[in-house]
Amino acid sequence: MRRRDGRAPDQLRPMKFEVGILKNADGSAYVEMGLTKVIAAVYGPKEPHPRHILMPDRAVLRARYHMAPFSVTEERKSPAPSRREIELSKVIKEALSAAVLLKQFPRTVIDVYIEVLNAYGSTRVASINAASLALADAGIPMRDLVAAVSVGKMGGELILDVDDYEDKYGEADVPIAMMPGRGEITLLQMDGLLTPEEFIRALELAKKGIMEVYELQRKALREKYEAIWREYGF
Amino acid sequence: MVSFKDFIIPRVKKDYIISLLEKGRRVDGRGFEEYRKMEIKVGVIDNADGSAQVKLGDTFVVVGIKSSIGEPYPDEPNKGVFIVNAEFPPVASPSFEPGPPDENAIELARVVDRGIRESNFIELEKLVIVPGSKVRLIWVDIYVLNHDGNLIDASSYAAVAALLSTKLPKVVVGDDGRLEKLEEREPLPLRGVPIHVTHAKINGKILVDPTLEEESIMEARLTMAVTEDGKICAVQKGGIGSFTMDEVKAVMENTLKLAPTIRERILGAVKGGQV
Amino acid sequence: MRRRDGRAPDQLRPMKFEVGILKNADGSAYVEMGLTKVIAAVYGPKEPHPRHILMPDRAVLRARYHMAPFSVTEERKSPAPSRREIELSKVIKEALSAAVLLKQFPRTVIDVYIEVLNAYGSTRVASINAASLALADAGIPMRDLVAAVSVGKMGGELILDVDDYEDKYGEADVPIAMMPGRGEITLLQMDGLLTPEEFIRALELAKKGIMEVYELQRKALREKYEAIWREYGF
Amino acid sequence: MVSFKDFIIPRVKKDYIISLLEKGRRVDGRGFEEYRKMEIKVGVIDNADGSAQVKLGDTFVVVGIKSSIGEPYPDEPNKGVFIVNAEFPPVASPSFEPGPPDENAIELARVVDRGIRESNFIELEKLVIVPGSKVRLIWVDIYVLNHDGNLIDASSYAAVAALLSTKLPKVVVGDDGRLEKLEEREPLPLRGVPIHVTHAKINGKILVDPTLEEESIMEARLTMAVTEDGKICAVQKGGIGSFTMDEVKAVMENTLKLAPTIRERILGAVKGGQV
Amino acid sequence: MRRRDGRAPDQLRPMKFEVGILKNADGSAYVEMGLTKVIAAVYGPKEPHPRHILMPDRAVLRARYHMAPFSVTEERKSPAPSRREIELSKVIKEALSAAVLLKQFPRTVIDVYIEVLNAYGSTRVASINAASLALADAGIPMRDLVAAVSVGKMGGELILDVDDYEDKYGEADVPIAMMPGRGEITLLQMDGLLTPEEFIRALELAKKGIMEVYELQRKALREKYEAIWREYGF
Amino acid sequence: MVSFKDFIIPRVKKDYIISLLEKGRRVDGRGFEEYRKMEIKVGVIDNADGSAQVKLGDTFVVVGIKSSIGEPYPDEPNKGVFIVNAEFPPVASPSFEPGPPDENAIELARVVDRGIRESNFIELEKLVIVPGSKVRLIWVDIYVLNHDGNLIDASSYAAVAALLSTKLPKVVVGDDGRLEKLEEREPLPLRGVPIHVTHAKINGKILVDPTLEEESIMEARLTMAVTEDGKICAVQKGGIGSFTMDEVKAVMENTLKLAPTIRERILGAVKGGQV
């Protein structure tokens, strides 16, 4: 089977990862997965505001997933956060928190802001990929990067890296994030219908895709630091 | 699901729970794959079109169904509409505050919605009154009255039971095109009951139906919803920890094992309530 | 005259009072007045949040009257508080504050939360009856219980304990709350039209109903404590 | 009505007020059943369809009436609609903050509304343009400019005077069914002026028209609205204290005694303003 | 050219300035410019709330321009602040801040509240005129009063003190505020179309109008203080 | 535009900037009438009908255009509608917080709107589909991604470039009166590009295109927008300081001098982006 855009079932879309593109943020990254384009910025660790959210023994990581009004294929989206955006902010926060060494920064907050600039499927996993790079760019110690993809089902077949068309007309969608080096799943959602066997196969296909994303993430980080080193004449 | 600032469990209690788990036991004596005592009752809200209350241990949830007539979504002109909303009124917990639903209430509503929607439980295509312009709107309002953990499962069972008990007023289109609501009522068209099952992971152990105390120390939770014919129709991981591939598989198998019994319990309670 | 549901003019609907039904609350109660069903929970005395509302010489009692979206006879109600709910929260707060010995708990707050689960007339007085029991259940010292009923006028006659139908089609509605043991009125509202003589008679009819409610409240509290005593083997 | 945090009266002042009251006197020299100096003026807002300002001592309230055309309430298809709204803009008191109406502003609006509505002051059935679909909407906006106590009475008198001075643009239905607003204006159809009277209870004494200082130390207040033919049409108790049965009766009798004079004052001011 | 209301192009509308009309405010003023009627109140300098807005070396001046629901020629305005009201609040705040000696009151806030009671053109400049008087009435030290007018263009001609009709059907609107004694412009906005030459002439016409307003403001202050002096028998 | 609490510049830095200005120099080496390096790119948002990004030094703004079909304003029944909105998402600055636009974002949107609207840049009368009832709505969303000063100019150039790159889906009215969106696209009808130019005043010196550092110590700023034929179409003074008459004239002259070059730059970038 070939997919609508010509990809093989287990093939990712063309990807682009850039680290450190925003000057004001402590860390930032820009990610393209096909036409899906997201930007992530990290501020922190810093004094929490309001202060009552602080934790005596660890940092609090907050995340905000937000879609630009012009980012959607449909008519302009209101900038007020939808219920969907609030839920995704929560699961993204949890997916990232699992990886960050929060205990190293008690009584602080780490803010992760994600803006979806163009939405063409799999925006939440693109967001995690970008946010994970932004955290690394901010120098925040992590157990591992978090890498993510989604697996779908279309025409009875499992497919990797679901785009907007496949999301709308497919039979299932399984977004997954992992710390690839540790084999730990930090985000897992699903909607649609899958048999138990298909579900297990979906996890395995996701793992394959995640390893590819992980390589691209590490490459982007290396390039950023090599650029800095060059600049300083190392 | 309670925020940490309000529900911090003493360290010694936490250590005690974990040491018991290491011996294969839970504080309240349950097995790892055992639900708390569950009580389901339908028809509790007279003004609603359908309703149910579920007590799962000390977790206490009411769901009321209200229907109205409105427009379909533009991209689904020949389907009725259903909306799941969850409120955490401040009666239920010292950590709930008056105000619009927070991220936890929104996640709860959306996870319950997903299991019901993706399983095609409600036959939405039968809720059309005038194709393309007038359809039934089904509001599912989850109301948490006491929070002692595992709100997703309790809410989902109450929602399913309330929907199973729902009787809608018949609506006819008059000669002049006006809609008329009749006194006569008809059941909501439904098929195949979806069941959510939630497991928590504490210190590497996986156990079903966590209490609030267990949730407050868990690494993560994993909810799976399964259809009557054994398919997975919704999954949601929560919490700031992680699961291994094998743990996910184990949770899936336990879920498939537990779901049929729970489904029977709900169907029995609905039948009982209708006598 | 017999009323639509067969009651005599001065007859209350069947009532049910249950104390201590919610585990997390410091005090709670469930009340049915006919088909009107309300639940009340009390949290406190506790540290106020935000702190600027605290009073140096007494506790602040806050109350929130709220209707569940499915509680109404009409179409689903939005869960956002209406102007009516905000006004009723205020008069209920004031009706209860008169009875609570607030000076015993300076610099604290007592929160009373009321949820109307099914609304079939006289929800505010049912709320006061439930809240008063919940305060007692929380062990908060009071001058007296607060008991409440509404008196209406229909077909020219005064009627006790107005239901939804009588509220919609009646000529007047007078909700009253008292500390029955002290003869003090802590809530008094009225709308409709009454002659001065009718108004005075309405107060007297209300007083009769309030004494009956008061008895039921005290019985419910006794039963709760007898159950506890039995449990502890007294 | 001001919050305690912003308006705490010194203890010595409080004691002084109470000791005067014990001797039958008030700080400003008034009798217990005496209103402050009142000044009523209509036609103060050029862009409104009707308006009035009331100064009651240092309490200063403006009410503006704006009409528009809209749909009737579904359950009252042959009646116009009127809505009372109260704003406490921050110019009026150090305790008022910008933002949507709080519980005090909402209570004020609803108590004024109740007296007007239940007395059938506005002939709503005459505000229908196309039965069942097009009716007049009458917005009554209460705007408090300076708060020195007894906002209910001042606002109610300003609302009544503004309504009495209101002239609505005539509206005709054209041949094509479109509505047309004419330049010509007609008075709002009204009957029988309702009057609110508010008493406060301080240290067991009952006195009318409390100042802000008196409100800050009162146990409770009781507002009664009466119709032109001497019926009670609205009652509202406020404050965290209580009234005995006898006190309620006394307030009622005083209210019935005071209302006719106030009604005359308002009608006189409206007539004066229209010359 | 005569204008619709009979004024000459460089003629102001009849004006009325009253100082100290609200008892609770620290300072207040009422201004009429033709049918435009505004009231301004000043509270402060006082402890800021919330406290995080305080500045260690100066007072913070806040301003709120707000229109009463019944003030507009169109249908009733919602009392929620519109984007226009928020922008005008900002430029008015800035126009006044330039004149107030903020450094004399570090760690405090000065609140300026403006209510438009009847809007018939040039409400923002009337607001500045009123607010400036209210600040003086509150005894807050200022470099100079701030006086303001708007200049418009209609039928090709520049006109002083734009009313509602001229605002709606004119070709340009230039609101300007100055400290007249110092020749400093503290508010300047413009919309419409003007040639550079017209724009300069508009500034000059505005200056003429501002000097007239300034005289009226000073007269109103003198009258207020003379009234007080008389009261105290000076 | 950043709030002082978040962006306070050290006193020594401030003194250094000022002492340089006294010598006619700026910290980044620019002349007083020199813009930072500017990079304009169109077509960056695939789902938008038009889009552009502008980098002005480290200030980074994206603008996306979305069109839809709706009703005209009642007082302008034969004109399309355009709405400018600005968001300051928290990625862009430590001083931006999630939430609805604050006074700074609202001012930015309104100043950009004013220059575009008053210059008649968009031919709104050509955006009518069914006169009086169906017109095009053009949403201009300004999205600030990094804030390093002079947001007005950067946003305005991005908005203008995005509009110049916009292609709207053709809309036809079918026989049954229904509207149909075609695949075919047509450019937005435009005429004469307006240009905003912003100067800051620091210690009495006037300089164009201030950085965030410069804005944090400026007395005031003055933005003027000019049309292609050299008219002034919008002015906005900001900041708590003042300008003399002569300073305003100087700013006007510099603005008229700078605008044509910037206009060329934008038009060039749009043309380049369309190849």
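Letters A, B, C, D, E and F name the chains as they come in the text, with residue numbers starting at 1 for each one.
The definition used in the following text is that a contact is a pair of C-beta atoms (placed from the backbone, for glycine too) under 8 Å apart; a residue touches a chain by one contact, two chains touch by 3 or more.
Just so we're clear, the structure is a prediction, and the values are computed from it rather than from any experiment.
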Next on the checklist: Give me the set of chains touching subunit E intersected with the set touching subunit F.
Outcome noted: none
Checklist entry - With chain centres set to the mean of the C-alpha atoms, which chain is at the far end from subunit B? => result E
Checklist entry - Which chain's C-alpha centroid is most distant from that of subunit D? => result A
Checklist entry - Approximately how many whole Å separate the CA-defined centres of subunit A and subunit D? => result 58
Checklist entry - Any idea how many Å lie between the Cα centroids of subunit A and subunit F? => result 31
Checklist entry - How many angstrom between the C-alpha centroids of subunit F and subunit D? => result 48
Checklist entry - In whole angstrom, how far does the Cα centroid of subunit C sit from the Cα centroid of subunit D? => result 28
Checklist outcome for this item: Two or more other chains are touched by the subunit B residues none
Checklist outcome for this item: By the touch definition above, subunit C meets two or more other chains at residues none
Next on the checklist: Chain contact topology under the given definition, line, ring, star, complete or other?
Outcome noted: ring
Item to check | subunit F - residues contacting subunit E, complex | outcome: 4-5, 101, 103-104, 106-107, 109-110, 114, 117-119, 220, 222, 227, 230-245, 248-249, 252-253, 256
Next on the checklist: Under the stated contact criterion, what part of subunit E meets subunit D in this complex?
Outcome noted: 22-25, 28, 35, 37, 39-41, 43, 64, 66, 68-73, 75-76, 79-81, 111, 113-115, 117-120
Item to check | Residue ranges of subunit A touching subunit B (in the complex, touch as defined) | outcome: 52-53, 55, 83-84, 86-87, 89-91, 93-94, 97-98, 174, 179, 183-196, 199-200, 203, 207
Item to check | Contact footprint of subunit A on subunit F as seen in their complex | outcome: 44-48, 51, 58, 60, 62, 64-66, 68, 85, 87, 89-94, 98, 100, 139, 141, 143, 145-148
